[in-house]
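Labels for the chains are A, B, C, D and E, by order of writing; each one numbers its residues from 1.
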Amino acid sequence: MIRTRYFQSNGELQPEIEPAGFAAAINEPGSLLWVDFVGEPPEACEPILLDTFGFHQLAVDDALRESHVPKVDDWDNYLYIVLHDIGFEPVQAGIETFELDVFLGRNYIVTHHDFPISALDRVWELSAHDERNFKLGADHILYRITDELATDFMQVIEAMDEEIDKLENEVFQTQNFSMVQRIFALKRATLHLRRVMSPLREVFNKLARDDYAAIDKRDRVYFRDVYDHLVRLHDISESLRDLVGGTLDTYLSVINNRMNDTMKTLTLITTLFMPISFLASFFGMNFFAPEVTSPLNRWVGVSAFIPLLAVFTITPLLMYLWMRRRGWTRRSDDT
Amino acid sequence: MIRTRYFQSNGELQPEIEPAGFAAAINEPGSLLWVDFVGEPPEACEPILLDTFGFHQLAVDDALRESHVPKVDDWDNYLYIVLHDIGFEPVQAGIETFELDVFLGRNYIVTHHDFPISALDRVWELSAHDERNFKLGADHILYRITDELATDFMQVIEAMDEEIDKLENEVFQTQNFSMVQRIFALKRATLHLRRVMSPLREVFNKLARDDYAAIDKRDRVYFRDVYDHLVRLHDISESLRDLVGGTLDTYLSVINNRMNDTMKTLTLITTLFMPISFLASFFGMNFFAPEVTSPLNRWVGVSAFIPLLAVFTITPLLMYLWMRRRGWTRRSDDT
Amino acid sequence: MIRTRYFQSNGELQPEIEPAGFAAAINEPGSLLWVDFVGEPPEACEPILLDTFGFHQLAVDDALRESHVPKVDDWDNYLYIVLHDIGFEPVQAGIETFELDVFLGRNYIVTHHDFPISALDRVWELSAHDERNFKLGADHILYRITDELATDFMQVIEAMDEEIDKLENEVFQTQNFSMVQRIFALKRATLHLRRVMSPLREVFNKLARDDYAAIDKRDRVYFRDVYDHLVRLHDISESLRDLVGGTLDTYLSVINNRMNDTMKTLTLITTLFMPISFLASFFGMNFFAPEVTSPLNRWVGVSAFIPLLAVFTITPLLMYLWMRRRGWTRRSDDT
Amino acid sequence: MIRTRYFQSNGELQPEIEPAGFAAAINEPGSLLWVDFVGEPPEACEPILLDTFGFHQLAVDDALRESHVPKVDDWDNYLYIVLHDIGFEPVQAGIETFELDVFLGRNYIVTHHDFPISALDRVWELSAHDERNFKLGADHILYRITDELATDFMQVIEAMDEEIDKLENEVFQTQNFSMVQRIFALKRATLHLRRVMSPLREVFNKLARDDYAAIDKRDRVYFRDVYDHLVRLHDISESLRDLVGGTLDTYLSVINNRMNDTMKTLTLITTLFMPISFLASFFGMNFFAPEVTSPLNRWVGVSAFIPLLAVFTITPLLMYLWMRRRGWTRRSDDT
Amino acid sequence: MIRTRYFQSNGELQPEIEPAGFAAAINEPGSLLWVDFVGEPPEACEPILLDTFGFHQLAVDDALRESHVPKVDDWDNYLYIVLHDIGFEPVQAGIETFELDVFLGRNYIVTHHDFPISALDRVWELSAHDERNFKLGADHILYRITDELATDFMQVIEAMDEEIDKLENEVFQTQNFSMVQRIFALKRATLHLRRVMSPLREVFNKLARDDYAAIDKRDRVYFRDVYDHLVRLHDISESLRDLVGGTLDTYLSVINNRMNDTMKTLTLITTLFMPISFLASFFGMNFFAPEVTSPLNRWVGVSAFIPLLAVFTITPLLMYLWMRRRGWTRRSDDT
């Protein structure tokens, strides 16, 4: 889909214009043209970008055929900018990025993306009603789009933060493979996020600082504002990574604690029953055989059974008390 | 709440003045105005900041509607500065930060914060009694506030240091989920602290080094002093992080030691009792049956019981001695 | 093997020319010569490089006798460039690198490599059919080769990414030494990859930015394009490293989980059978001997056997229920 | 205590002079004054520093009331320098630092410290006998002190190195909480050391490189020498940290090895005795009862006892051999 | 030992000359003097270096009395350079470094070392036969020495690489303390290597880039060549460190796998024998006593023994099959 917004020099919003009219439109001084290519095949876009707008072959190839990390290329009378929008899928803890290619000239802005980008759509909708945006120039439209992009990043980071919080509480209740998978999916997501944010931040640093023909010097302060947002978001995203790392460490500590608990229980049971089992076996030996005439057996049988019962009761009791003193009966999730 | 301190050019402290009088106040040469907005809704502050003081829309939005990492924005005839005060909650090992927005002009300072900030309140109280502060200019008030902020950071860092010390001793006594949680809460707190301190330090580096219209060149040395404090605090906070990391490693080492101890006990018990249990079972076999006429049984029954008892005593004793030589009876918390 | 492509100044492609004719060929203005040495012994190459082309002894030694990390050396009227092609062997997760030495002059390009390099061969083949490449100059041939090299890197990185994905799924099914070996082989491969990519990226940064006699200023933009590709690939390769690290952590977590499961099973079995085994032994003691006249035994034998059977059934059942409540019967791979 | 060394312009060493005479002393051209404040209360030092020497209030506060990381402050006609001396306490593996504040002018040096600093005392003693030091100027005295400080650092680092060596050998013999504590105390000490050395190194970098009124340009080479020493010491201290980290990893590996050994012993014992215990129990069943007339029992009792004994001997023997082949009888500390 | 090589201005090699003749020798234009001090006591070297050559006291102290990291000091008309040669001892995985001090002037080079350095000796031997080296000047001799040093580093790195390869294969066969010690010795060696290589690389970067009176501008390209070698070696040594780290991780994974295997065997044995041991004990109870007249016992004895035997066989078989399905019978080193 190719859609346009065209403001004539008298400030009037004109209905959709055809690609054939683009050249005339951008040649009219004081006018402003926004062309948005959405999921259009390269073959359809290429002639317009190359011939009508006169963009360089390499920039057009970058935009139509390849994926890139965010960057700014200065082609003198226009800028080629690669931006990324972002989405977060909480169930699988996956991050999706959508590339947005922007060509920015003095009085036009061309955006190209393969998938719908909600941040851009929001600005597109507003631009129909609010003519003020157009009066401020093409770079101001770019600012509006990037401001919305920053909002999307903010929401993704908040969703991830929430997910980490949830994990951190669950980690003490549940220890299984699905927990491991969720923690590592989140870790991957933070790695992914960082890989997108670092160059994006750099793009805005350049837009706010460097001298470009397509950006009014007085408008740089707006990109500075977006840059400040991204710096803050980048800082938070860095700490997300540390938090996920902490969650993994917590998980391993909890597993270790659990294992220690299990070991203690095993040792407790073994220590309680092994001695008395031995005693029972001992008196099961045939030296204590029911030889009716054996005086030894007789005597034991009659006089020793009751005290023996006491030994069977007291031995494990003493061992249990001794182990309790050593703290082995306490478990890791006791408070 | 909006509160003011106004020094007339003759050095006299004037009672509270209304917002309507701000414009006149700052136009009087040699005077000094301090306006403090505490938890005031954006709607009430915005017209004063935009119209009376003439601050830029972006700066006012930053101050009233958004949260930021510490930064300095130079708007030529005034500075917009974001600072953070800090609080530490030892029970949950949580760090709270409170944003403080400052607009600093040649003869006025405007502070805005949503929550009471004790560092600022201390300076506010002093300023009523000590007129000298006002005579030194608006930038000196900023210095006084930031000096108090540094004191707050110092106290938080000391409280955290103490908490880590406590944890490090307890880690050898107690190993349970609550310890894990406390260690990771402290780790999170140090991450949080670092995230606040790094940009704050950078703010003071700029105030001490760069050339701003709102700061007297001779007063830069004071911000240099605050900067030196923060550098030292930042260094300590970095080492806090390493110390917490060390506490976690210690915890895991202790758990591993404990597990090793438990395993040794289990093996000890098993090794002592399994052989003699087998022996007891062996002589419980019906080959040694109380068949009165069996000569084998007879002979064993009479002549072998006493030496067998010796075997039952000596076997575990020997095994115990052998294990003691291998160091298995020593426990990790033996000194 | 020494092979050549020679374009005369009139644009005509000339058949293979002999080394003796190189000097004359490069002296003809507007012509273009590409000489490719494939697996030729140093003795055969050295005189041609030193005498015919007049390259510096050190550069020729670097090219013929030593292996290097990628670099650019500027020898004023020609460039000496070391590049690396790459191959990935998925079964052993091994990375192979092939050094490609390039001498680039205004109207000639000399390539030297010990092993066939497919990226170079692809350009070689194309150059026979597509004369346009030659018309754009020697630096454009270099661009074409490096563009193909970048494609090779891309494919290797994709193959590794796939391998990591496979490992990450298998890690939950299989835990044995062969898994450990595969993970560490992949880790080594990512280390290797990074070691090649960092200096290679730097080479293209220099080619795109610096001023070299052998590279037309207008062609720098092409190397900028390759550089952008490599930056993106380098970023992906960095994240590959983190992903492999994550796979190792996952593996260790899974092993720990498995060990915990095994321990729990052991403890479960022991806890269920030890008490009832003791009871069975207890009643095997000869105090309960078949002394016909013992009234105790009689009474027990007749009236107690049935309730005892109940105890033998109920005891383990209760213990099992108690352990289930503590979550010990759940295993790590339960969903 | 306030003590002085005063060289008159004629090179003669004058006895102790009173604070009242300081002003006159430093005004005499060609003379040299060294004042040393040791553990003097701030109230006693402040007037001298502020009024007699005319140091800035902030510098004096830094020196008397606060502790700092090493730094150099240039106050035009004098330098304020914070240095640290160091001590190592091997039993507790603790590092102590002692702050030394120095004010360095063209012909005077003022040192202030709360605790005795042996490096300074050594120079103080020498200065009484060796007048040459004084003739070389105040900056040369500073050089002598810092050279001695570097020696102290060297000794601390060597003591720590020795301690690590000792630990690394013990770690294979002993594994208990006290080892964990010693390793982590040493780790903390290396962190502490690094925190002191990094800024100290920077101080000497500045003294060797920058242009200060109080330091003769020709004397910078001496501070360069101290700087080179500190660079080397810093490098060694960095590697100390890696060595301690390695010791901890070794410790954990050893614990894991030990645990593996214990587990193997347990499994060995269990595997040897469980089958034969079962067999013994089996033949203790009352199906083999001493029923005189049971032909089965009879036959077994007479003919099967001897072969059964063989089974009891051979079964564990075979199992032991099988386990030995699997390497379970070897222990970690076997060579 | 003090030995010399002296080329007169007419290119003739002169026999050993005495220290007394050094001054005259270096004053002859066009001549070239190489003095090598090997293991000479400081007292013997100092007067020559200070008085004959006129080197600065600090440089001479550095050379004779102290050890340093590699560095270059520019003393205007001569350079003082500290280099390190290296040796590797594979059995103990230890790295030895030998300091080489060089004073380089326009027409002389003075080398000082406490131990024989083979790289230097090789150049020394060659220099007797190949007069060409001398004709190229003192800086060219330095280049020859450093080129040989680089070869030594290369060999050490290859020996370490081989050692790591060996360890990586053994780690799956053997797990004991001696393995731990070898891994950590190698780790220490890589740390040591890095500590030497980083500053050494920096030395050659300076020699190749900076402007020194003692180095001919046209000869810088040779030091550039050595620098390129060292960069590559440094990269490899960095990856050695990662490889050793990987070996340690592998070791720990293998230990964990082994422990898991041991646990599984223990659980297997326990699970197989505990139930049937219980059954055997159960039927050993005296309720099944050989009371001839007990009808219960009679019936059981006659009719139940054969089915019971089946239970004793089938129970462990079923449990074994169940465990095999859960993968517990597979071991980590099964392929």
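Operating definition for what follows: a residue touches a chain if its C-beta (ideal position, glycine included) is under 8 Å from a C-beta of that chain, and two chains touch if they have at least 3 such contacts.
Quick caveat, the model's predicted, so the values are computed rather than measured.
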Looking only at residue numbers at the chain D/chain E interface, is the share used by both copies over half or under half? Answer same or different.
different
Cα superposition of chain A onto chain E: how big is the rotation, rounded to the nearest 5°?
145
When the C-alpha atoms of chain A and chain B are each averaged to a single point, how far apart are the two points in Å?
25
So how far apart, in whole Å, are chain B and chain C when each is placed at the average of its C-alpha atoms?
40
Can you tell me which residues of chain B touch two or more of the remaining chains?
256, 259, 263, 266, 270, 274, 277, 281, 284-286, 289-290
Would you mind writing out the residues of chain A in touch with chain C in their complex?
56, 58, 62, 66-69, 71, 175-178, 180-181, 184, 187-188, 191-192, 195, 199, 248, 251-252, 255-256, 258-259, 262-263, 265-266, 269-270, 273-274, 276-277, 280-281, 283-286, 288-290, 292, 297, 300-301, 304-305, 308, 312
Which residues of chain D touch chain E in their complex?
168, 172, 221-222, 224-225, 228-229, 231-232, 235-236, 238-239, 242-243, 246, 249-250, 253-254, 256-257, 259-260, 263-264, 266-267, 270-271, 274-275, 277-278, 281-282, 284-287, 289-291, 294, 328, 330-335
